[in-house]
Amino acid sequence: MSGTIEVKELVKRFGGLTALDGVGFSAEPGQVLGIIGVNGAGKTTLMNCICGIYRPDSGSIRVAGVDVTGRSPHEIAHQGVGRTFQIPRVFGRMSLVDNLLVPVLDRKLPDRQLLEQAEAVLEQMRLIDLRHNHADELSGGQQKLLEMARMLMPDPKVVMLDEPFAGVHPQLCRFMIEQIESMRDGGKTVLLISHDLTSIYRLSNTVIAMNQGKVIASGGVADIRSNQQVIEAYLGD
Amino acid sequence: MTNPTGNSHALDREHADQIFRRLAWLLGISVTSYFLLVPVLGLNIAFHFYMMLWITMASAFNVSSGFSGYMPFGFVAFYGVGAFTTAILVKKAGLSIVLALPASGLAGVLLSLLFAPTLRLSGIYFAIVSLALAGICRLTISNLPEELTGGSFGLQLGSRAEPLQAFYLMMGVMLIALATILWLSRSRLGKALRAVRDDAEAADMMGINVGWVRLKGWMIAAFFPALCGGVEAWYTNIVDTETAFNTLITAKTVIYAVAGGLGTVTGPVVGAIMMSWLDELIWRRFPLINLLILGVATMLLVLFLPRGIVGSLLRARPQWRRFIP
Amino acid sequence: MSILILNGLVNGLIVGAIYAMLGLSLSLLYGVLRVVNFAHGELVIAGSFAAYVLFSVAGLPPLASAPIAAVCFFLFGWLAYYLLIPRLSRSDDPETMSFLLMYGLSITLAAAMLLAFGADSRSIDYEFNPVSLAIGPVYIATARLYALGVTIVITLMMGWFLFRTLPGKALRAAQMNREATQIVGVNIVRLSALAFAIASGIAGLTGVLIALVFPAFNPFSGAEYSIIGFIVIVLGGLGNPVGALIAGIFYGVAEQMASVFLPQALAQIVGFAILVGTILLRPTGLFGWRAMR
């Protein structure tokens, strides 16, 4: 049960536009679920519904057996859901260390312990030398790493990564892939949106393909690659 | 298990903390001793009383603006409510200032709770609504029965406050304010406030209860101007809506805070001290164009020194940020 | 009683027209430049003082000062833009900095007028002939009718400008999407200067009209008009000039009708309360944009 995420029949409309039209899937701990699809297919909306920015019109989301549908973002965060964003949303006028402390401010642990943990994570992400800089002084790629570090601080059960590789140079991509692999191997449930098919194929255990708010195919990497619908809608050839 | 880099980071941290604490003590002690010496050296008590008042006002405004990201252009509302609460309690209920003043602080906090729904508004709307709410406060108090608030003539407190007593009381208020704000800047609440300021939605997703955090910051910011209004009322022995809700109070608060630099504890202190001196020197020489100079100074500040003195310094030397309170 | 109400209604329309002018100019500034002009009221009152000076020194009737004020303030706005705004957009918090800059400007203008004219209330003692006209059962001051006439002319001119001329269309485009307008090649700086200049020109003109419509003014009256301007643009939706026009008239009528039934002081509170209520309950105003954090 721990860390399993189950989404059923999720619907989200914005005025006349149906962004999610009955989306359902599940993912287990220690697994990476890749999410692919054209722009506008509903991938980011899906993540936004799961983490609580949007309230779904119908359907359900369960994390580790707990129903989190429509709850507020901070409550969902406390259920163990973490995420990164397509365009990094760091706390620009705070230091890197402070950025990392934000998700764990309510932990009943002494300051020194939290600081040590933050430094350890920054070390892992190779940002340690910049730890006193303000987050808005970082490059785009560094900010993405910072987001990943921040996401990992509260040790979430479910992590959602929205296009982590977008606009990132190959060496950093490889580093991020290593980080994602270690998240997976550490027992986290990983949801990964990306257009970088190489990484998707390499990392994912299961893949779902979305189009126009629906899941048009779901299965292992090989199945998805050969799925006719997916090829037409997205992969091309 | 030894952790060499971890240990060096820990040492580095402790070193920085040490410097910070020393500077904070230095700030506290120099401010305290300076003001303690004022009566001893026979310096102008009235001038220094107001300097302490502006230090407190600018610092409290910094909590709302620099730390939380709200610019309440109706900040004077808390000041005015505090002034009137003290006046009414001292005159009508015969309370001593020692009891009336905390009650005034509480009145300010209650008012901030009343205004709390405006916290979800974005910058411009918040600023404008704040102005309107201050106007409503002023008009409401003017229109309360004359027996209660003195109508257009105002209230005379009738307590014979010795200037020196008021001076020391103001000093007490100022020191409490500075200590609180120093604590806030390093506390977890302070970090939460700044995260909410930078990106409220992201902070929400990181587990911060945004509404609650904003409210706490807001209440702290409202408490001290209310106390200032109360002490000043006791000092001058009179309150009326024109002076207690004067827009110039907000104006000076904002300008002095910006001149020093929002976002640090020392910024507003430096700004208030510097601008008080400037005001004093100019008032003596050019009493008529005092207001004009204030306006022009504001514009020049915004155009050429938008981060204020301390802010610009930290911009040039970002590595000092961890050390400067 | 019904005469009172009718009176209130007609005067409400006239006062509303003035408020619509306030809203129009403020909304132009916010829409194109994203600048909330805290100094708008003071600018307007400067227009009133300009008319006063022209009248007492040169004997010019207010209607003749109106175009002069409009042109002078237009030029002032153009100059002020280039002096003040470009630096702002390069700072890291342009929104906050623009509040503060305009705040400083409002204090500066009020102080300047205070120095020049003293704190006493002034009015322009120009007698129209006849002093008032009968519109049905009510008598309206001729001065007010002329003011209404001018606002109608200005509104039509602005309408023509915004919808039929190229610079006007560019302004509307910039209000809708600033970045996109730049990308298609419009010189956003020159356009912004134009917006600032037009808004100042209308503000100066509005000041002359205020001298015609309201009994008196002093250097501190500006604050009051700034707040009314804010109420109007919030009601009409920030950045929406048509919304501002409608909201101005609505607010004018509401204010005048309130003062028919309520004592003066309460009527003032009603005004503020409408602002607060609108922002909290319907923050986008009648037709506006994002209000929430």
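A, B and C are the chain letters, set down in written order, and residue numbers restart from 1 in every chain.
Quick note on the criterion: contacts are C-beta pairs under 8 Å (C-beta built on N, C-alpha and C of every residue); 3 or more make two chains touch, one makes a residue touch a chain.
Worth saying up front: this structure is predicted, and the values here are computed from it rather than measured.
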Which word fits the touch map of the chains here: line, ring, star, complete or other?
line
Which chain's mean C-alpha position is the greatest distance from chain B's?
A
Chain centre separation in whole Å, for chain C relative to chain B (CA means)
33
Give, as an integer number of Å, the spacing between the C-alpha centres of chain B and chain A.
41
Using mean CA coordinates as chain centres, what's the chain A-chain C distance in Å?
49
Chain A-touching residues of chain B, taken from the complex the two chains share:
5-6, 9-10, 13, 188, 191-192, 194-195, 197-199, 201-210, 263, 318-319, 321-322
Within their complex, state which residues of chain C touch chain B.
30, 36, 38, 84, 87-88, 91, 93, 95-97, 99-101, 103-112, 114-115, 223, 227, 230-231, 234, 238, 265-266, 268-269, 272-273, 275-276, 279-280, 283, 290-293
Sort out for me which residues of chain B touch chain C in the complex.
71, 73, 117-118, 120-129, 131-133, 135-136, 139-140, 142-143, 200, 247, 251, 254-255, 258, 288-289, 291-292, 294-299, 301-303, 306
Which residues of chain A touch chain B in the complex?
51-53, 72-74, 76-78, 83, 85, 89-95, 98, 101-103, 105-106, 112, 115-116, 119-120, 123, 128, 132-134, 137, 150, 154
